[in-house]
Structure formats: structure tokens, C-alpha cells
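Quick notes on the structure that follows.
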């Protein structure tokens, strides 16, 4: 018994020691970029997609000898920290990347729940951070060091409103969203406000919510169907979309659905099947019929990992490339990490136009991108086909 | 004025009549027994008196205060202490702490004092500790103060439980089968202890007991109940020769 | 003099950590780990009061933390910072130096009030049935906050961190670290004083034999009420500190997962052992941080380690003993009397 | 009116799943007084086993969907039962033998659940699985109500399972032994009843039902992910306790009660308030009935 107590004290000392000594090595001709992504927790698939896209990009560049900055080639080193899809863990992960791993910039976190606190940390510690996926305005607001690669809800909401009004000739709408997911809730609110501005008060006939891990939506759908809307707007993650669409059909719904960018996963079609065919959603890029770099990216990703990349993969790719662009634009790599971070931030803020695979963009004063959204239609063979492009 | 008077106490559990029309009046300094066969409702009477059950009917007056509606700890604060048939000590607290916790009724400080360790707290804790040690000393238990009751022999546990009950400075002490499970030498010790308590402190003791040796040698007055109803009462000698009592205990011998 | 050794030693250790952070000898990541460790200490020690000392099975401790986090953040924003929500600060920034404890106190009081929702049913309901009530309260708190769009609803709430910068502007010290350490040491001291007083020993009596306690003049309902309120109030303090460390609160951060973590720490340390829950909170936080590089395998390995630990020590690290019981030599420095 | 009936049907289906999972909780609790927090994850494993069995027979062997279903039901139940029994043997039994406090076994169960969830994630990756359609879906429409054949199957299975378990526990010898262990685990071995065998049987029964629930769940909500069992597991636990844990009827009624509450609140009030109102009502029920609906107050002898 005593021995056990002593052993646990010893273990404590060891772990403490390991923690203090971890991550102290430095190499001069590598550039370290950190990734603060959810590899476990609620949305492991998102973290996985981010990691895959980043790995692919790293191999690309390192196989060519590295990133060329000011005439010299630097190898890239990507460090992935799991934020477990938790706010406190994301803070620790960001601090670990900044303080111990000595990265020059951070890509991530993906969802706003982690991106908002991590953004605060990065801004305080003066490290450039770019979130591929976060849509909460608070992530970048008043934080000169924080950027993002995705457009915001206030932009996407009206896109969905205008498109569905025109496409479906709809006068009334119903919304079903995830109350525990800030992305879903935010977009639903904006959609409702926009739609009622356009069609008059009360034209959103049903506004129903569910929880993040819910699997049964029949009560909400029964209510929505009872309100007889012209279409249903679902700003939800693709896995829930699959269930909602199927259950709506089971309950006898025949009308159209409108979706948001969280639909944009190749898995949507494996999960949803024929029920989703013909539906529309707004997103960052149309995978089917993509051209140029976008097509190359999609094909290579598909070949390497066996599925069409989600929008989060494409956004991570773009976000990471924006960081690399910033490093190159800075024109030199300085040994002092803090100075290097400053160089990168300034260069990123000054990017005139960045041609990414999710469209070309530049940053506004808040660090939010100004870029176009596309609306895609799900074709009979499960492809996401370009339907319309909306630019700000 | 009587210390305790019970008038027409009736206790029902669902359809079961556990006690019916029980009456007793106890004055100061008495030592009374309550006997009866198993399931006669003896412990139920104690449970009602100590406030654990609310009586279905009847009234209990303790020192002029009607106890209906009072919670057990409030009844205890009025001066009633008891022991249990199966010893109910707090087995993972030291003997000393067992006594200390039983001083809750005279706690002269509140939560904030405990947090601040104020003067009031220190004084009160000191007082409680002094009282506890004095009592343990008097009951010949001082050497076990920092033992855990679960590690003590059964006879000693019984003694600790009685000490704990005495620590609330009761005017009425209820002993529920104090001799149950004791060997004969322990029983002798118990008799001595009860006699000593009765002599040393001016209190009334009311005990339930099956061992006639204990009852007959200690009690001055005995009440016998069966199926919830009183069937006899009197001095030990009277009870010993009462035919109803013998019948209740041994059954009808007209087989 | 030796009896006070601990009272000198611990603040000295805390001061040492603060000095190290100030000098930059501890980098921010290590500081952040220490802060989360301290917050976990409060969580585990306060839950131990209910689950260990009182023997109830509360599994909704995260809910109280949530209440504290929100109330603490709102108070902090109202009093010390210019925020969108409340407009200009009511008090000048430097007053935070003295008045920040008010924020913690407010958070604790609010969480303690919510604790009453659990405490009152606990008069009649016990064991696994009470566990459900605590779970229900956890769900209710989260759901209520999700429906309050004024304070951000599911989008969360930011803006309490400037309070810390306001303090740092006046006196340049790592204030966050200072407050977290004060919170942790204060909470543990408070709990220790509570359970070692005769008053608080009633908690143990209720746990071991409620009927005997009631009969021996312990007002069990009051003990339960007070204990639940102290426990949930301290969880609220932990929540307020958490909010200021992270700089952002979101109802989703305080779901059953958080409650489960607190529970694991309590049982890992040993039910009813205060030093055990402190030790296990420290170990658990370190373990989680140290295994971070394993990514997904971490969450397979951590439960596995805990299961093995329980097989070898089915009563937790400390059992129901305290440090001085295990190392008698410590007894002259501090006791749990 | 249609609205009400449609929602009653919805609640019946959803309640069937709560009830099926709650039955597993209550069976194990009834015998061991152990809250098997891994049960929700055993249910998840059941769904995954069903998925692998189904894809194996459908794609690799090439059986027809209906033949696959017939084979999948017993196979899933058996394999899931094996998982449950393994947990009992490896994690719970040694602790029980050492006489550990009940709550340590509960925490161990919680940890086992985490291992199942994250082990699955580590092993199979983050991709969600789509369950193949084994029962050709037909939507019956009458009087404005929509019912799928699957819904009917689910509801009737839940009722059948309840009746079966109720029969086993109250009418058979082994059921009597199960209740006996809960009553007095020291006296039962003295009566010559093999305690371990009975406990294993309980786990077989409970986990088998979780497997069945997993299969039906996967058919009704064909998106499988490693964390799918966590939330429904917690809620089923709540349902079991509200019904009066340890009582088969309690789990059944509690499951449907919770589903009716959730769906009723979502249907009548703004659905954003669902959790708040549903759990407030539960709290009030627990307040009024401190030992659940069917639970008997444990009489404390003094």
C-alpha cells in the first residue's frame, strides 16, 4: 500500500518532468506549422479530413525540396495537436504549439467552439492563426492575428434565401437546426431573419431544433410537415442531414430541401443515398465539373485516401496555402520565431488576391475572406453539380 | 409533571396494526422495562417516541412539549437518546468522532465560523472535545478514543453506543435490546453499566430487553405488550407470575 | 510551529509558481496546464464532498460549473470591461485587483443556488435515483443557457479575458495564475475546514448511517442542503476561473463529459479522501496532457490505465485515507482533525 | 388529430429503443446493483456487428436482404452477448471478487464504454457507416398518418422482448435465482445456486437485447458512428431509473415515458425547450416518487 503511494508520486514526478522537457529541439532550415484539429471527440471526421489535406500538401512541397522563400528552400514540418473537440483542450493545444513546438503559424481549430478561445490565445501570443471552417464572427473580431478561410453565416444565409426563393418559387420556409451547434443555430437565425425580411413576417412557418447527437427527428418533422412549408432549410451536418431527409420522406414529405455548406461531404451520399438526390445546398466549391487546381486536388485526394474530399479538406488546403503564401510573401525567414510570426501575419493581411481551390479570396479588415459561394445540386449519380455562383 | 407521557398511541403500517392504544407515563429517575414476544411492537414504540415515525393516532408529550411533527433530531434535542437493536455506530469514524458528531444539538457556531475558524468555532470545538473526553473517561472508554468501532469487540461496541447516547445529555434514555448478542460476562458488565448510569446521572431509563435476567435485575416497573396491545404491567415479581404473560411467551400449553 | 508548516509551505509553493511564471521560466503552455490542473483540483475536491464524504452519487457536477462560468463571466464583463452586452464598465479596471473575488463569490453563490434544486429532492431521494436528478439538472442548465440568446445561446460568450489584462495593466503580474491558485488552495482549505469540523463530520455520519445521524441530533436535511450548496458553489467558482482562463464559454463545454471527468477524478483518488482527490486531479490532468501526442489512442489508453489501476487498487489511489494516514511521518505537519 | 396520432406513433418507435436499452440496464442492475454504463456502447457495438454481418452476407456471400435479416438477428445477438460477457469477465468480475465498492465497478463500466467508443474510432476510422437496407421499406398511409413497416416491427419487437424478459424473470427458475442474488448475494450460493453462471446469463440476456436493439436501430437510423450509443445510453439509463431501476416493467414504462415526454414537448412547445421541459418534468416525477414509478421504497429496519 505504501509502495503504491510512493510509486504514484514517482510517476507524478516523471510525468511532470517529461512535460517540462518536451519539445525543445530546433532545426534551422525547417518551417513549423501547427494544426489544432479535432482528431477525437464529436467530429473526428473533420479532423481527419484536415490532417489528410495537410499531409498531402506537405508531401507535395517537401518532395520538391521544400518551400522556396527568398531563394532558399525550407522543409515543412506540420505538427498536429488533437483538441478533442473541446474548448479547454483547444486552448492547451494552441499554447503547446506556440510555446513548446515553436510553430510560426497555426491552422485550425475547425469549429467555432474551439476556434473562438484558441483565436484569443493566438491573438494574445501574437501568432497568426487561420481557421479553415469556423463561421462565428467572434473568432476573428478585433483580433488582427486571426484569419479564416470560410465565408461567414451573414453571407451564406442570404445566398440560401435568394436561391431557394428563386429556384423553388417558395413563399414559405421551414427550418430544422441543431440547437447545440453554434454553426447550425447561427445560420438558422440568419436565414430566418433574411427570409422574413424578404417574404414578410411569419413566412418561416416552422423553426424547429434538435440536439447534436439526436437520431430521431420525427416530432420536429411532423410539426414542420403540419405547417406545410414550400421547402425545408437544413443547416446541419451531413450525417444528421441523411437522417432528417430520410425521416421526412418516411413521414410523407415530397417537397424540396435546401442545405448549407456542412452538407458538403462525400459521405453524404453513402449515408443518404437516393433520398438526397436533386436537393440543393450552398457551399464553397462544386466538386463535380471542377477544373484546374480544384480538379487536381480532388482527384489526388480521392486517389490517395479513397474518397472525394469534404469542403473542410479543401478549406484546410487553402488555409494552409494562405499561410505558406504569407511566408513566401514575407520574402525571408528569420530565426527569431516571434519576428517571423509578425512577418507572416503582415504578409497574410496584405495578400491582394489568393487563388484557392475554393475560389479566389482576399481578407477584409477583420481577417475574414471575401469570396464567392456556389450552390450545387446533387445529381442522380451522387455528384455535387454546380448550379449557381453568388459573389459578394 | 411527568417526563414522558404517551396517551393512546396507535401506529398502523398499511393494514398492520403495530401498536394499539399504548399508554405510559414516566417520571424522573425511573428504570422501566418494556417486554413482549418478537413482533409485539416494542421497537415501534421506541421509533415513535424518538420521532422516527409520526404516530397514526395518540399523542406523546415530552417535558410538556407535544412531539408530533418534530423531526428525530429535534426530539433528541429535547432530551431523548436511544441505542439500536443492531448497533448503529458510524463504523468508519473514530470512537471520539462518534461522540463529537452527536453534539450537533449544541453546536454553537455556523458554517461561516467553521470556514473562518473563528473564536466561536475554536471555543465550541474545545468544549465539545472536553465533553467527549470526559464522557469517555467516565465510561471507561478513553483508551479506545481513536479506534474505529468496527475493530472493537461487540461488547465494547455496545458500550460505545450507550456512551454516544449519553453524550447528548438525555433526560430519557431508550435502550433497545442492549443485551442482544452479548455473551454472559458482557451481560454482567452491561447490567453493571446501566446500574452505574442510573445511579450517576439523574435520568430515566426505558429499556426493551429479551433477557429476563437483565430486565428482572434492573427494572423497577415492567410493561408487557403483545400484538401491539398492553397485556400486563407491574413489578418484576408480579410480571414473573402473571399467567397472561407466561401464555404470551410460551404459548397456550393446552395442546 | 510544525502544525502550521502546511499553511506556510503551500502558499510558498504557490508563490514560487507565480514567480516562475513571472520570470518566464514556465512557458505559457505549462502555465496553462497548471491552471487547468488547479481548476480540476477544485472540481474533484468539491465533488468528493458529495460523492465521497456524503456517499451520494452526483453525476451532474458540470452543470454547476456551467452556471458558475456564465455568472462569473457576466459579472466580470459587467463590472470591469467594456462589452457589447453591458456597455461601458461599471468600475474602473484597476478595481478588479481588489474586487475580482466578488466575481468568484457571485459565481459560487449562483451555482450554490442551483445546487438547491438537487439538495431539496435529496431529502427524500437517495442513491441512483438522486443520480438521475443531478443528471437532469445538468441537462436543464445546458438547455436553459442554449435558449438564452442574450448571452449568446449556443454560440457562447466571450469578453471576460480583458478583466485580466486590466489587472495586468495596473500591476504586471500573471494575475490569472494568481487567482486560479488562490481559488484552488482556498477551495481545498475550505473543504478541509468543513469536513474536519464537528459540524462537517455530520456529513460522514449521514453517509455511514443516516438514521443514526438523525437520531443522534444531526439535522440531516440541513447537512445535505449545506453540503450540496458548498459543493456546487465551489464547482461554480471553478467554472468562473475556467471561463477566465479559456476566455470563452459555451454550454457544450459543460456536458456530461465534463461531469464524468470530475467523477473519474473522485473515484480515482479514493472516495472521501480529500488529499486523494487533489492528487488524482493533478495526475489525471497530467496524464491527459502527457498523452496528447497519441491522439486517438490516448482515449483508448487512458481508460485502460484507469481500469488496470482499479483492478490493482479497487478503492482508488488513497482509499478513504488521507496523506498523513499513509505516511505517518507527515502527521506532525498536518492532520485532518 | 392526425398530428396527435402521428406523434404518438413517433413516440412509440423512439420509446421502443429507449425501452430495449433500458431493459439491459435494469436486468444487470436488478442482479448486481451495477449501473453498467458501458451498456450504451455495447448497443453501439451491436449496431456495428449487425453492420458487418449484414454486409458480409449481402455483399460477400450474396444472400437476399430478407435471408440476411433472418441470419443477422441471431448472429448479432450472440456476438453482442459475447462482448457483454467479455466485459463482465475481464473488468467487472475481478473487481467484484475483491469486494470493491459498487461505484468503482460503475466507474470501470464507464471506462469500458470509453474504450469501446474510442477503440472503434481508432480501429475503423472516422468514417460513418451506412447500414444497408434489409427490409424493403413500405410507407403505409391511412387517414393522413404515415407508418413504415419498420416502425411496426420495432414497436412489436420491443413489446415482445418485454414480455419475454418479464416471463423469464418472474416465471422461470433462473429468473427466480436472478432476483435472489439481488436480494442477498451471500445466502444464494449457500442454496447451491451457481452465482457466476446466473450473472453471466444476465449479461447474455442484457447484451443480447442490446444487440437486437442495435440491429433495429441501425435499420431505422442507418447512420452508424462510434459515439452513437453514448447519448441514447445515458437517456435510457435515466428512463430505467425513472421507471424504478431493477424492475422490468419500470424500464419498459420509463423508456416510453421518456420518449413521450421528449416528443410531446417537441411537438407542443418550441422544440428548443425540449430538454429543459422534459428534464424538469422528470425531476418533478422523481421528487414525487423518490424510487421511480415501479420502484419499491426500501424499508429500513431500525
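Chains here go by letter, A, B, C and D, matching the order in which they are written, and residues are numbered from 1 within each.
We take it that a residue touches a chain if its C-beta (ideal position, glycine included) is under 8 Å from a C-beta of that chain, and two chains touch if they have at least 3 such contacts.
Predicted, not measured: the structure shown is a model, and the values here were computed from it.
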## Note on the structure
Via touching chains, subunit A connects to subunit C in a minimum step count of 1
### Message
I'd like the most central chain, judged by C-alpha centroids against the all-protein C-alpha centroid.
### Response
C
### Message
Quick check: how many Å separate the C-alpha centres of subunit A and subunit B?
### Response
71
### Query
Counting in whole Å, what is the centre-to-centre distance of subunit B and subunit D, each centre being its mean C-alpha position?
49
### Summary
Per the C-alpha centroid definition, the whole-Å distance linking subunit B and subunit C comes out as 42
#### Entry: For subunit A paired with subunit D, centre-to-centre distance based on mean C-alpha positions, whole Å
35
#### Entry: Multi-partner residues of subunit D (each touching 2 or more other chains)
118, 121, 272, 274-275, 302
### Summary
Listed in rising order, subunit B residues that touch 2 or more other chains are 52, 84
### Query
In subunit C, what residues contact two or more other chains?
142, 146-147, 211, 296, 299
### Summary
Listed in rising order, the residues of subunit B that touch subunit C in the complex are 50, 52, 71-73, 76-77, 81-82, 84, 88-93, 97, 100-105, 107, 109-111, 114-115, 117, 121, 124-125, 128, 164-165, 168
### Query
Mind pulling up the subunit A residues that touch subunit D in the complex?
40, 42, 44-45, 47-48, 179, 207-211, 213-216, 218-220, 222-223, 226, 239, 242-243, 246, 250-252, 267, 270-271, 273, 307
## Note on the structure
subunit D residues touching subunit C in their complex are 29, 35, 91, 94-95, 98-101, 103-104, 106-108, 110-112, 114-115, 117-119, 121-122, 234, 237-238, 241-242, 245, 272-276, 279-280, 282-283, 286-287, 290-292, 295, 300, 302
### Task
Could you pull out which subunit C residues touch subunit B in their complex?
190, 193-194, 197-202, 204-205, 208-209, 211-221, 226, 230, 320
### Query
Which residues of subunit D touch subunit A in their complex?
3, 6-7, 10-11, 13-14, 118, 121, 125-128, 130, 137, 139, 141, 146, 148, 217, 221-223, 225, 227-228, 230-232, 262-264, 266-267, 270-272, 274-275
